[in-house]
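We call the chains A, B, C and D, going by the order they appear; numbering starts again at 1 in every chain.
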Amino acid sequence: MKPRSFFYFLHEALLGLVRNRLMSLTAMGIITVGLFLFGLFLLVTANLQYFTDLAWGEIELRVFLKPAVTNQAAIGKQLSALPGVQSVTYISKAEGAVSLEKMFNNNHLFLDEENPLPDAFNLTLTKTADPEELTRLVTAIPGIDEIVFGQDFVKFMEIAIRLVMVAGLILLFLTGLAVLYIVVNTIQLTVYARRKEIEIMKLVGATDAFVRWPFLLEGIILGLLGAGLALLLLREGYTYLVFRLQHYRRFLPLLTGKEINLTLTVSLLSMGLFFGGFGSHISLKRYLKV
Amino acid sequence: MKPRSFFYFLHEALLGLVRNRLMSLTAMGIITVGLFLFGLFLLVTANLQYFTDLAWGEIELRVFLKPAVTNQAAIGKQLSALPGVQSVTYISKAEGAVSLEKMFNNNHLFLDEENPLPDAFNLTLTKTADPEELTRLVTAIPGIDEIVFGQDFVKFMEIAIRLVMVAGLILLFLTGLAVLYIVVNTIQLTVYARRKEIEIMKLVGATDAFVRWPFLLEGIILGLLGAGLALLLLREGYTYLVFRLQHYRRFLPLLTGKEINLTLTVSLLSMGLFFGGFGSHISLKRYLKV
Amino acid sequence: MLIAKKLTKIFNNGVLALNEVSLTVDKGEFVFLVGASGAGKSTFLNLVIRQEVPTSGVISVNQQNIAYLKKKEIAYLRRCIGVIFQDYKLLPQKTVYENVSFAMEVIGTKAKVIKPRVYTVLELVGLLNKAHVLPSELSGGQQQRVCLARAIVNRPLLLLADEPTGNLDPDTSWEIMDLLSEINKRGTTIVMATHNREIVDGLQKRVIALDRGRLVRDTPKGGYALET
Amino acid sequence: MLIAKKLTKIFNNGVLALNEVSLTVDKGEFVFLVGASGAGKSTFLNLVIRQEVPTSGVISVNQQNIAYLKKKEIAYLRRCIGVIFQDYKLLPQKTVYENVSFAMEVIGTKAKVIKPRVYTVLELVGLLNKAHVLPSELSGGQQQRVCLARAIVNRPLLLLADEPTGNLDPDTSWEIMDLLSEINKRGTTIVMATHNREIVDGLQKRVIALDRGRLVRDTPKGGYALET
């Protein structure tokens, strides 16, 4: 493709878009809405990920030591070395009592010398931890009396988090597929409506490439414009939402900043570009067989 | 519209669909995918609702009584009468000690006569409960020492549940709007591609109604077919998913049965019907001005 | 039947297609409309069926001024006019049979009347064997004859023919002209825009000539060109 | 230049459009192709530009058998043939100027060559003042002339004209025929399908007649019909 040709094709593509503006706008609208939907779910999924990351940090295993144990430090080291363990905190029986009393509203529960609690370790887990395996490994360490979940809902949380992450990704993937299908087929409809033109161009001696490029560029431009518009809506909308919800930040930690913006921008624009081009490509294939 | 006319129009609509099958199939595909997406999120939202309903039952407030209190039964009644309280369970200091000991692995913590725990009530809440208001009301009852969350994550849960419900509904609504837009505009593209035909029909003396009905029926049929296909995919897919996940039923309660099927069927089919008809209606308006 | 008074049409792009054309066509007449390419013949016919609205002047069909019609009335107007369009305007997704029967469906003809009549008309234009093919499978002249069949199937009061023999060989053209004359004898008024000198000269009917939008000649019995 | 041997075309719907047609057209010839509506004239021309593929038989253009062409070669074949299509086939979204210049863009003509040539050709066909309007704003005959302009703008070796005067008045038709004769004299081979008896009889060129797909006459210097 010579340099002049590129500008010729681009010019043709833009002319095509403008001369068929009603159809172009309709198609762009569909693409915008499709990608908006995708971006929306991308944001939701990203925030769920973030949220579950935070929640994961809250999961703790509490490991109680046998009363006779004295080598607490050594056991602590062993625990730290286990796969899936993020941090280990030693909680002496005295500290255990204090935290328990706190839970019960600072009633003084035990006399110091009578403290019946065992020494313990609190373990926080990494995201890749396998709790069943970990339980097996921990209980194998000599000196460990019993392992319990530090909080009642650990099991629940663990499954919920896994579920949310997996389900979120699957939904996002399905949405992506759906948007791909919608964008590609929308572009197909616009090419279909102009199949007579393609036929005429070929009858006048145009090569496939000559016919294809302007349509391909049209598809790409439509895709990019749609993506750009969707992006604009999403970013403004999201910024507004974060602003409105800032008072709930403690309970509702929302992703902000460059990273999520970058993800959104890159994924939407590349989808617009790729889907738009791909859409024209495959529908042209059909009508170029003249 | 005379009875014969209806069949004539229906016949014309079906002919139109078949003769333009490439375009019809493309449009139907887009509609299917759009409605599939909507249905998917409907299922997810419905399950989230169900899930949070179950989770709500787990939320408990624990109300501690002052040590001197003796009219436990009266206080229990008062508590039951509060708005937003679903059930009230009395937990004597002895029971409290037992459950605490259980939590700590059945170490015998207290000598009976030394049990320092206060008497307490466990409250479960209804969905409409307002925890802040409730706290105010409960602490106003004489004899109440302090109110604490029975489990650490109650506050967290309460917000998470509210959030999930509201966000789910908003997302579903946005998806619905997006699908409306996509379906309507897809139908518009098909009508656009056939605007010359509409012009010719009018030049031969067809009234607007005469031109409109077959197109309207086409739109409705496309919408219904798309919805039907989406429904089929969703129902089969969901049934399969429920089957595959049945081992996790304890942790992952999924909605099954007639009710969700009915919701899905009714909403998808009515959307297909309405959106399809609406789509042809508004695009016909434009091209009927010949 | 058809009255135009100072009829002027200026298109949006500024082209003056008709310039104060006044003429009267009586019921039962057969009129040739001649003139160079771009003279305004098709524009005049398009005004009669209200495909275009006049810029100024009056045009009335059947004692009805068609400048002020409601949408429904436009449809009714078109139903009593048969038109052979210069570019045929066949419905591309309908077969030859369906294209013709469509014009009858539009006016609500009973189903059992339609079938025999459509076949009769297709036979008249010599396309009985092409009844069930799509227009895209027809030759140019065949498409033109389908358009003719559609125009006459409802036995219209007024028949507008825009270059109806443009893609027909002389023999077929004469057959079509005989058909039109026959229809005219039965009472249909015919206005035919044409370039076919042989036919105009041969039939010696009324000739109206346009030149760049102006009516320049109206001869009761004449030929294609002014007698020289 | 153009050789057909036992050329037969049967369409998918079973219509036998061409039946063992054999003919040779030499470089620089001017040939009229005549025959009734549906005789197979357009089909023959469509085979020459490979819009259709023959069912059997051979057709070769410029010593090249066009039965076995790659996609690219088909484009190159079409570039050295100018075609006036019976239904014009103008690009509806492009102006008159763009429709004509498109044919030059296709073959990669330099930008500065295109503009003057397009205007020259538009002047030749009398449409200079319509250069920047869309085809839908043209009369039938004007569209036909745009198609002619597009066909000749690249100075093709071979010009196929399908009923190029079907929508033109006699005077304009003769102008166009003078133009075609001029082009023919400069070396372009011309095959013209027509129903215009006046023109065929007037020019006395080679006439090939088709009848229901069969070649029935090939007269070196003849009229539209067999001399009777």
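Convention: a residue touches a chain if its C-beta (ideal position, glycine included) is under 8 Å from a C-beta of that chain, and two chains touch if they have at least 3 such contacts.
Bear in mind that the values here come from a model prediction, so they are computed numbers and not experimental data.
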Which contact partners do chain C and chain D have in common?
none
Centre-to-centre on C-alpha atoms, which chain is most distant from chain A?
C
Separation of the C-alpha centres, chain B versus chain D, in whole Å, is 65
Using CA atom averages as chain centres, what separation in Å is found between chain A and chain D?
61
Between the chains shown, work out who touches whom and classify the graph as line, ring, star, complete or other.
ring
By the touch definition up top, name every chain pair that qualifies.
A-B, A-D, B-C, C-D
Contacts from chain A onto chain D in the complex sit at residues 4, 8, 15-16, 19-20, 197, 200-208, 210, 290
Touch list for chain B against partner chain A, complex:
22-23, 26-27, 29-30, 33-34, 36-37, 40-41, 44, 64, 103-105, 107-109, 116-118, 145-146, 148, 151-153, 155-156, 159-160, 163, 167, 171, 174-175, 178, 181-182, 185-186, 188-190, 192-193, 248, 251-252
State the interface residues of chain C toward chain D in the complex, per the touch definition above.
11, 13, 15, 34-38, 41-43, 86-87, 133, 137-142, 144-145, 162-163, 166-173, 195, 197-198, 224-225
For chain D, which residues count as touching chain A in their complex?
49, 51, 71-72, 75-79, 81, 83, 85, 89-94, 102-103, 105-107, 111, 150
